[in-house]
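In order of appearance the chains are A, B, C, D, E and F, and numbering begins at 1 in each one.
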Amino acid sequence: MEAIYRLKRILRTGWLVRGIPRSSVESVAEHSFGAAMLAWEICHRLAERGIDVDPYKTVVMALIHDLPEALTLDLDAEASRVFGDAKREAEEKAAKRVFDGKLLDIWREFERRESQEAKAAKLADTLDMALQALEYSRVGFEACREFLDSAERDARELGLEYLLVFKEILREWGAERR
Amino acid sequence: MEAIYRLKRILRTGWLVRGIPRSSVESVAEHSFGAAMLAWEICHRLAERGIDVDPYKTVVMALIHDLPEALTLDLDAEASRVFGDAKREAEEKAAKRVFDGKLLDIWREFERRESQEAKAAKLADTLDMALQALEYSRVGFEACREFLDSAERDARELGLEYLLVFKEILREWGAERR
Amino acid sequence: MEAIYRLKRILRTGWLVRGIPRSSVESVAEHSFGAAMLAWEICHRLAERGIDVDPYKTVVMALIHDLPEALTLDLDAEASRVFGDAKREAEEKAAKRVFDGKLLDIWREFERRESQEAKAAKLADTLDMALQALEYSRVGFEACREFLDSAERDARELGLEYLLVFKEILREWGAERR
Amino acid sequence: MEAIYRLKRILRTGWLVRGIPRSSVESVAEHSFGAAMLAWEICHRLAERGIDVDPYKTVVMALIHDLPEALTLDLDAEASRVFGDAKREAEEKAAKRVFDGKLLDIWREFERRESQEAKAAKLADTLDMALQALEYSRVGFEACREFLDSAERDARELGLEYLLVFKEILREWGAERR
Amino acid sequence: MEAIYRLKRILRTGWLVRGIPRSSVESVAEHSFGAAMLAWEICHRLAERGIDVDPYKTVVMALIHDLPEALTLDLDAEASRVFGDAKREAEEKAAKRVFDGKLLDIWREFERRESQEAKAAKLADTLDMALQALEYSRVGFEACREFLDSAERDARELGLEYLLVFKEILREWGAERR
Amino acid sequence: MEAIYRLKRILRTGWLVRGIPRSSVESVAEHSFGAAMLAWEICHRLAERGIDVDPYKTVVMALIHDLPEALTLDLDAEASRVFGDAKREAEEKAAKRVFDGKLLDIWREFERRESQEAKAAKLADTLDMALQALEYSRVGFEACREFLDSAERDARELGLEYLLVFKEILREWGAERR
């Protein structure tokens, strides 16, 4: 449980090093909340496209997907490069410490990226980053728009239906907010 | 979905008006993350005490319980007093706008406080406030300890088993962190 | 008096939810200071246009116009919509608690918007929002410019001379600052 | 008018260098709001003690008393020592630039500390610092209590009735808030 | 040594009054770190151009060049104007209090701007301001670009080789970061 | 050079996860400034005890000792544990990217902890953490005092004279500040 309160304080490094003001940088907890909420929405849109996915399990998966960062911290792209494979090993070690049995299974399922739930939760993770980048750029932090390209690449890797849901939500967002 | 990003920005008023530095005041999103994570733990402890409760549904319930605050904002005790019954009505109106059908049902079930899931999610809400108050007081913000009493009262109202789980977790927390 | 110190902490919700960094969001106290200072200037410009208005009383009126927000908090446009008429009632209830006799009279005069002092104080309230929006947009927070239109509408409602003073000051500001 | 918006950003140096978190340090604008509000209250308490003082003028005086700090910044005790007499001269120069005729007269009256209004406004300035120090110490920033002694010294210099009002308000504050 | 910790808290006023969010405004300590790091780089580039300069001494000089601001605070252009010559005198007084013998000599050498080390350290001071302005404008704070012109003027005053190094680094920076 | 500006933004994780408000958490740049300044003082105190150490080189060493954290980020004790030996390897890889030839030599000398300069720079690193902890606890963040014990252990490992300088400075600090 201590991990919960560390995640309320650990900042998303990608925003921080790009110069987003500290007091506007979201915590890993806030990102996890966003991802979990979007997971629900994504599941319903996937269902409409004929993909059967358990929304409850996907929400839990998205909620906990970054919990090991309570111990590893949130490494940005630069940091991930210098740590290399060690990052993965550290996450595995951290996961064993922060999760009890059932949640550890769910986290590993997420990491394997095979089940529909794992893919939907990953899309939720990616989509929250993209929408947050749009929110930042909307208020004036233009530097964040570069995240949109990498988000689309991540969505594409999950498969066509996932990419379509990603694009659909982004399009609605843009229409609604501008 | 816009509600998600408003909740990342809306601050928990109770901490703010007590003088917790703005940059340390948790957002409603962070609180919701904390409550959802604790909901899982609480369900397992209730199960050990023979209370059958669906952890997945409880997590979703705790995650969304404050979503209407995207429109009503987070009224502290003082503000709740001057708004009186209007607060409840505004929440109901806001819920209709931020939720689609299924989540609206889950939110209303939470508000009725009858099912075990609703009680467990409420305990998660209360417990996150109590643990956050302890975290604040641990770093030096002593004024937050007063929240512990009201948290215990709220837990007591849920029933004996709920109160016991509340006290058990607080005891472990205290032992671990000091 | 406790209300004074709550207002130093309560943030202007409109800026906050638009994504202005917390540490840059002005408090209601800062807005009240700005409105009170502008009230003096406005009274002198109205006098030049032949409108007789007591600058001292107008300053006091502008200074206290948001004091009930110490209890009601600062509801933004979205929140005002879900609370509807209840907002007005809550403000009235709050005003009775935070004001002694004389200030309560002055606040009610402000709310009725009939006297020249009430109109001038309202213009000060509106103008401070507009100039603050310009200050935010000047540093890079473009999203704030949308407030200028609603400010002009509010100024127009007060009458022609008020609108002219509003436009005059905005024009000077723009010329001076860019 | 530009001075108004500089004062919303200029921080009270005394709190900042003592380590109060930046996001909790009040701006000079917030202090000016506090002093102006307290000025009204002080005038009514002085009237009860038989001292005749114009509350409207005193409010304006307290509101503007730090406006020259828009140009001189807020020098703390250490900085005031190294600048010595130059501080006074810089304030006079700044006052000429930020004030039009009438407000310059009111500011100079404040600085001379002879009229009852000037003394009442000075007490408001001092009292706001003292109450803010209490607010900070209440949340856990104990280092601020040292300001209370210097505040009492300043109140004493204004005369017996002023000191009694100062002590009376501090006593009520303590009783109400603890 | 107390001066070190005051400089970690004292903010660079130029950024603050322009509206950079408090939590993004660099402290004088951060600027001094930047200047000291750049001093090393500058010395190596000057050496390549045949100018002999001790990099170790220049680093120390750049590191301490703003230490007197622990007592005088960081006066921006507006404040410097109202204080006039008094600023220089206050700095000299402050320098005597914060430095022991050897560092006082190094600081005075810096202030005379005659030795190559003094010029290189001044260039480091100027260059850090310019690069910080670019960093701020990159994330969206456009108002900071105006600092680039005054930085170039300062670099030009140091002599041709210094100006060339300044322009060279800015060009590389622009190419690398955009 | 980009590393410089990343270090102005990367926060010292130890303070952050303990709950120090974000806007009060020092950056790695601020810590590096503190360590570099203390390095000078430490060298002079070691000289008085008959230990010959080059203060200029030690200042540069302390200034750059954390520069690889621009890529590895600042891992706190928990994170260092889960990364294990990988942390050291990542730092070595990062050092090769952020340093040119001469600074890389100086950084490796620092890491070997054999020369007097390396030990003095390490003491400066440790001492800055200890004094910062005292500064935090002085304003009310009591949780930071636990860092003092680990700081003393680190100082002890450097040798008796180093420990004595450490204790001497802490003693003076305590006497001066309380």
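Just so we're on the same page, a residue touches a chain if its C-beta (ideal position, glycine included) is under 8 Å from a C-beta of that chain, and two chains touch if they have at least 3 such contacts.
None of the values given here were measured: they were computed from a predicted structure.
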item: For chain B and chain E, chains touching each; value: A, C, D, F
item: Mutual neighbours - chains that touch chain C and chain D alike; value: B, E
item: Equivalent-chain rotation between chain F and chain D, CA atoms, steps of 5 degrees; value: 120
item: Per Cα centroids, the chain farthest from chain D; value: A
item: Chain A-chain E separation of Cα centroids, rounded to whole Å; value: 40
item: Geometric centre distance via CA averages, chain F-chain A, whole Å; value: 34
item: Whole-Å gap between the CA centroids of chain A and chain B; value: 23
item: Touching two or more other chains - residues of chain A; value: 19, 21-24, 135, 140
item: Each pair of chains that touches, named by its two labels; value: A-B, A-C, A-E, A-F, B-C, B-D, B-F, C-D, C-E, D-E, D-F, E-F
item: Residue ranges of chain D in contact with chain B within the complex; value: 21-24, 135-136, 138-140
item: Of chain E, residues touching chain C in the complex; value: 18-24, 140-143
item: Chain B residues touching chain C - in the complex, by the definition given at the top; value: 6, 9-11, 13, 16-17, 19, 22-23, 25, 71-73, 75-76, 78-79, 81-84, 86, 89-90, 93-94, 97
item: Partner chain D, residues of chain C touching it in the complex; value: 1-2, 4-5, 7-8, 22-23, 26-27, 29-30, 32-34, 36-38, 40-41, 44, 56-57, 59-60, 63-64, 67, 100, 103, 131-132, 135, 169, 173, 176-177
